[in-house]
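You will see two complexes here that share subunit A, one where it goes with subunit B and one where it goes with subunit C.
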Partner chain A sequence: MVTTDLSNALIKADSLCVSIKNKSILKNLSFHVDTGEIYALLGGNGAGKSTTLKTLLGFNTPSSGSVTIEGKEVNQALNFVRGKTAYLPESATLYSHLTARENVNYFLSLADIKKTDDEINQAFDRVALQADARDRHMQTYSKGMRQKTAIALAILREAPIFLLDEPTSGLDPVAIDEFNQLVRELASTGATILMVTHDVYGACQVANRIGLLRDGELVGEFAAAENSRIDTEQVHAAFAQRGTA
Partner chain B sequence: MNYFFQQLNREWRFMLRQKYILILLTCTFLISSFSVLSGLNEISQQQQTLERLKAADTVDREAAQKKHHDPGSIAYYSFHLTSSAPSNLAFAALGERDIYPWKHRIKMLALEGQIYESDTQNAELAQAGKIDFVFVLSALSPLLIILLFHDLYASERTSGRHDLLVTTAKSSWALWGARGAIRFISLLLCLMVPFYFGAWLSGTNLSNVVMVSFWSVIYLIFWTILSVYWGKNASSAPRVASGLIGIWVLFAFIIPILGDLTINKLVHSPEGGDIVLTQREAVNDAWDIPKETTMDAFIASYPEWKDHVAMESEFEWKWYYAFQQVGDQTAAPLSQAYRDAAHKKYQLAGIASLLSPPLLLQRVLTRLANTDAVAAFQYEQQIRDFHERLRLFYYPFLFTQQKLGETQLATMPSFEKLTQIQKAELNSNIDTSQ
Partner chain C sequence: MSQNNLSKIIIVAKDEWRYWLRSKLAISVMAIGLLLTLSSVIVTSINMMELSHARHELQEDAEETFVEQPDRHPHRMVHYGHYAFRTPAPLSILDPGIDAYTGNSIFLEGHRQNSAMFADQKQGTALTQLGSLTPAFIVQTLAPLLLILIGYSSVSRERESQTLTYLLSQGTSGNTLILGKGLALLSVIGLILAPLAVAALISLHDGESITAVLAFILGYGLYLSVWALLVLLFSSALSKNSESFTALAFVWILLCVVMPRVASTTAATSVPAAGKLETDFAVIAELRKLGDGHNAADPAFDKLKAELLEKYNVDSIDQLPVNYRGIIASAAEAELTHVLNEFAEQRMQTELSQIHVSRQFGWLSPMVAIRSLSMLVVGTSIETHHRFLREAEALRFEFVQALNKVHVEKLSYQDDMNRNKDAAATQKARVSAENWQVLEDFNFEVDKAKQRMQRSLAAFLQLLLWIVLLVVAIRTIGKRLI
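On to the complex of A and B.
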C-alpha cells in the first residue's frame, strides 16, 4: 500500500461524495495524483469511475467533500480547471464529416488556441498518425486512429493534466501498446495523467499508481517500485475480491 | 468583439459542412420565396382586377348617364365600384382578403343584399387559404426551427462528443452560443430576404418593414429558446423533436381549431343568406302592400321628404327607392346582429390568440397589413357610408323632380373621394390627438 504525501498533488479528491438522482455513487472517495504521475482508477462496471471523471470535469456537483485541481475547487473554478485539463472520452468520436486536421483546428479554435500547420503536424507525428490519413474524412478512421487524433488534440492544447476515460477499450493489442507508450512519453514530459479503466493488465503496464474503486469507494491503492511495474497478479487478486474488501 | 466574430466565423464554416442543415436552409429560402411570390402574384392580380374594373366602371356609368335622363333610371342603371385596395404590405399577409370581399359594384338599390350576396357562396372554397409569408412565418417556421435546434445538444450527446466539446470550449458562448446564433441568423435570413425583396418590389413603408422584422425576430427567438431549452438536458434527439412537434401542433393547430369551435359555439350569428332573404322578401312584398305603408316607413327615417311622398301614378321612382330603403331597414336588425357577432368573434379570437403564438403573430401582422377582419369591417362601413351619400344625393331629384343634368352629375359622390376624405380626416384626428 501507498503512503500519502499531498504536497505535490495536482489532482486531489478528499472525502468526495456524489449522488445522482438520490443514489449515492461516490462514497468518501479520497485520492490524489501528483505532477508527472500516471494514476489509474481501476474498477468494474458501476464502480464509479466515470462519475469520478465527470466530477473532475465539473459535470457533477459533490454532495460533500471536495475535489480540487491545482488547489482550486473544481465547481468554483470551472473555466480554470477545464483550461488545465485535456479530456479523452472513451469513444473519441470526432466529427466524421471533417478530416483529422479540420477536427483538430475546430476544437483548438473552440479553446481559443492558435497553432500553425507545422505544430499540428508535429503533434500528429508524435501520436504516429499516418501522414496520408491526416486530410481524410474521419468516417474512414479506425478507433485507434480516432484515439490518436484526440490525443494529438490534447497535446496541442498543452494542458498539464490528461483525463482519460477507458482509453484502451476497443483497441487491438498493437494499438494498446502504442497507446501505452504514448501515455508514458507524455508523463515523461511532465504531464499528469489520470485514467479510469477496467483493464487490470493495461493499468499495471502503464500506471505509476493504481487506485482500486469498488461501489464508489477506494478499496486499495498499489504503487510501482522504482524502475519496475505494478504487480499485475496482486492487483488482479484484489480486483477479483468483489465485495470482500 | 474580434473574439465574438471569430466564434461566429468558425461556426459559420462548420455549418457549411453540414449537408442536412444546408438542405434545410435552402428549403426555408425556397418556401419563403414561394410564399412571397405567391403573395405578390395574388396582390398583382387583385390590383389588375381593380384597375380593369375602375376603367369599366367609369365607362359603364357614363354610358348609363348618357342613355337615361330621368334620375330614377340613371340611379337604377348606374353601378358604382367600391373597393378596398391592398396595402403595400398585403403581399406578405393576405389575411382575410380571400374570405371577405374586397370589391363590390353597388347600385342605389337595397344595400344589404348587395353586401351579403357573396356570403351565400360556397364557404368551403375559402377554407384552403393561400400560402403567404405570414403563414410560412407563423405556421411553418417553428417546424424549421425545431428541425434546426432540437438536436443542438442531443446529437452531440448521442455521438459521445458533448463532454469533449464542453471541456474544450473556452466558454459556453464559444460553443453553444455561436453555434445557435449562426443557425438562428441563417434561418432568419433565409426567411426574411425574400420578404425584403417583396417589400422592395411593393414599395412597402420602411416602418412596416421594421415592424414585420421586429415581430418576426421576437417570434423566432421564442421558438428557438423553447427548442433549445427543451433539448438542453435530453439525450435523445427524436424524443426532443417529438415533444417540440407536439407543442407546435398544439399552438399552431389544436388551440386555433378549438378556439374557432368554441367561439362559434359561444357567439350566435345570423347567416348572410338570412339577411339577403329578409331584405329581398321585404322588397318583393312592397309591390303588393299599400304604397302608404312603404312611404310611412320611409318617412320615419327620412322625415324631410314627408311633404313629397304623394304619388300621381302607379309607378314612381321615389316609391321604388323608398321600398328599397325600407327593405334595408327591415333587414337592419339582422344585419346589425351579424356585424355585432363578427366583432365579438374577432374580440374573442384576440383572447384565443394569447394562447397561441402563431395565431397572435398572424393577428399582429394582418392588422399591420390592413388585411384582417377589422379592415373588412371598415370597408363594409365605407360602403354603407357611400351608399347613404349616394341616396342622399339622389333623393332631392327623385322627390322634388329637380333636373339631374351634367352639372349635378359632376357632383355625384364618388367612393374613391369619400375614402380619401375619410383617410384625411383620420390622419387629421391622429395629428390633433398627438
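On to the complex of A and C.
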C-alpha cells in the first residue's frame, strides 16, 4: 500500500459518502491524485466509479465527507471546478450532426474560448485525428476518433485535470495503445488524470497509481515503481484477497 | 442576465437551428407549418375581404330595393321587410370567430324577430369545409403540434446521447441550455406568426386599431410561448425522447381537444338553456296574450280605443283624425317587440353566462384562453354578435314603426277599411313611395378597441399565469438538470 502525502494533491476525496435515492453508493471514500499523476480507480460494475467522477464534477452532493479540486470544495465552486476539468464520458458522445471541427468550435464558444483554425489543427494533430476526418460529420466516427476529438477539445480548453470514464472500453487494441500513449503524453506535460475503469490490464499499463473500488469503498491502493507500470498480478491478488475476506 | 450568459444562450439557440436545418424532419415540419399558416392567411383574407365587400354591397342593394318599391299599402312594406348585414371586423380575416356559426345577416320584418342567417359553416359543401382551416385554427390547434414535433427532443436528446452531461461538465448551466433551446423555439414561433402578423398589420388599412392589432399578435405570441415552455418542460424533465414525445402528445390532446369540449359541456350543463322549440312555444304563448295587430276589433285594444276616443273627443273610430288601424298596428308592434326582446335578452344572458363558465377553463387550458382572447380582440365574440342582434332589432323596430306612422298619418281609416272593395279602392289605399325613406343607414361597427381589450384582459392573465408557472417549473428543473 502507498503512504499518503496530500501536500501535492490536486484532487482529493476525504471520507466521501454519497447516497442516491436513499441508497448508499460511496462509503467513506478517501483518495487523492497529485499534479501530473495518472490515477486509475479500478472496480467492477456498480462499484461506484462513475458516481465518483460525477461527484467530482458536482453532479452529486456528498452526504458527508468532502471532495476538493485544487483545495476548493467542489459543490461550492462549481464553475471553477468545471473550468479546470475535462470530462470524457464512457461513450464520448459529441454531436453527431456536427463535424469534429464544428463540435470543438461549439464547445469552445460556450466556454468563451477563442482559438484559431491553426490552433485547432494543432490539437487535432496532437491527438492524431486524421486530417480528412476533421470536417466530416461525427456520425461516421469510431469511438476512438470521438475520444480523440474530445481530448483535442480538452487540450484546447487547457484544462489541467482530465476525468476519464471507462476510456478504453469498446476500443480495439491499436486504439487502446494510441489512447494510452496520448494519456501518458498529457501527463508528461503536467496534466492530472483520474480514470475510472474495470480494465485491470489497461489501468496497469497507463496509471502511476491504482485505487481498488468495491461497493463504494476503497479496498486497496498501489503505486507503480519508478519508470515502470503496476504489476497486474499484484492488483489481482489484492482484489481476490479482499473479496474472500 | 450577464452579457456572457446571453451570448451562450444565443450560441445554444444557433446550434439548435443548425440541428434543425440538418434534420429533414424539423425542416419539413417547419416548412409545412409556414406553408399552412401562409396559405390559410391568404385564403381566409381573400374570403373575408370578398365577404366584407359583398355584405357592404348587399346592404346597399337591400336599402335601394326597399326605397325603390312602388306606391303600396304601408303595412305591405312592413311585411316586405329589409335586410341588415354585418360587415366583418377587419381582423376577422384571421379569426372569423363565431361569425362562421351565427350568421351574418338578418331579415327584418314586422311582428317577427328572425335569427341571423347565412352562416358560412352552414353554407359550405363538403369540399368547402376546407375553408374552416382559418389562420386562428391553425395557430391555435396545429402550431402547438408543430412545436412539439420540432422541440420534443430539444433537451431529452442531449440527455439520451449523453451530450448533456458533457455540456454541463464544461460549465454550461442547465438553465443556459434550456434558455438557448427556448430562444430557438421562440424564433420558430416568430416564423409561424410572421404571416399572421403581416395580415394583422394590413388590417390597419381597413380601419383596425393598432392596439387591437398589437394585442392580437401579443396574444398569439403568449399562447405559442406557453406551448414552447411546455415542450421545454417535458423535454427537460423526461429522460428519453420517446417519453417526452408521448407525454407532449397526451398534453396536446388534453389541452387542445378534450378541455375545450369539457369547457363547453360544463357550460351547457351548469347554465341550462331552453331548446329552440321550447322557447318558440313559450314565445307563442306570451304573444297569444297580446292583441292581434291586424284586427282592429280585437278586445285587447278596447282600452286603447277608449283612450283615443276620449283624447280626440269623438264617438267612433272612423271620426278619429288618425288611422285607427295604423295606431293598433303600432301599439301591437310595440307590445310584441317588448315580449320578443325580453325573450331575446334572456337567451343572450344565458349564452353569456355559458360563455363565461366556458372561459374560466382558460385557467386550465391555454387553448381555451387563446380562443376567447382571439375572438374578443378581433371582435367576433358572442358579445359583438349580441350587439349586432340588438342593433338589428332596433333598426327593425324603428323602420316598422316608421311605416306604422305612415299608416297612421298618410292613409285614412276609411280608405284603409275599403281597400279590398275594388281595384280603385285598393289603389286609393296605397301611399306614395316617397314615404319609404324611413330606413336609417345600417353600418355595424366592431366594438372600440378599448372595450375589446377590457373584455380580453382575463384571457391575457390566464396565458400569463401559464407562462409564470411554466417558467418557475423549468427553472427548478434547470437547476437540477443532469
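The rule is simple: the second predicted complex is superposed on the first by the 240 of 245 C-alpha atoms of A that agree within 3 Å, B and C clash if a C-alpha of one lies under 4 Å from a C-alpha of the other, contacts with A are read in each partner's own complex, and residues count from 1 in each chain.
Here, a residue touches a chain if its C-beta (ideal position, glycine included) is under 8 Å from a C-beta of that chain, and two chains touch if they have at least 3 such contacts.
Here the structure is a predicted model, which means the values were calculated and not measured.
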* With subunit A superposed, do subunit B and subunit C clash or fit? -> clash
* To do: Look at A:Thr85 in the shared chain and tell me whether it touches subunit B only, subunit C only, both, or neither; answer first, second, both or neither.
  => both
* Asked: Which holds for A:Tyr201: it touches subunit B only (first), subunit C only (second), both, or neither?
  -> neither
* Thinking of the overlay built on chain A, is A:Ser109 touched by subunit B (first), by subunit C (second), by both, or by neither? -> both
* **First (subunit B), second (subunit C), both or neither touched by A:Leu57** => both
* Look at A:His97 in the shared chain and tell me whether it touches subunit B only, subunit C only, both, or neither; answer first, second, both or neither. => both
* Could you give the residue numbers on subunit A that contact subunit B in one complex and subunit C in the other? => 54, 57, 59, 79, 82-83, 85, 87, 89-95, 97-98, 106-107, 109-112, 150, 157
* Contact footprint of subunit A on subunit B as seen in their complex -> 3, 6, 10, 14, 17-19, 159-161, 163-171, 174-175
* Asked: Can you list the residues on subunit C that touch subunit A in the complex?
  -> 4, 7-8, 11-12, 15, 18-19, 22-23, 161-163, 165-172, 482
* Asked: In their shared complex, at which residues does subunit A touch subunit B?
  -> 54, 57, 59, 79, 82-83, 85, 87-95, 97-98, 106-107, 109-112, 150, 153, 157
* Asked: Which of the residues in subunit A end up touching subunit C in this complex?
  -> 54, 57, 59, 79, 82-83, 85, 87, 89-98, 106-107, 109-112, 150, 157, 163
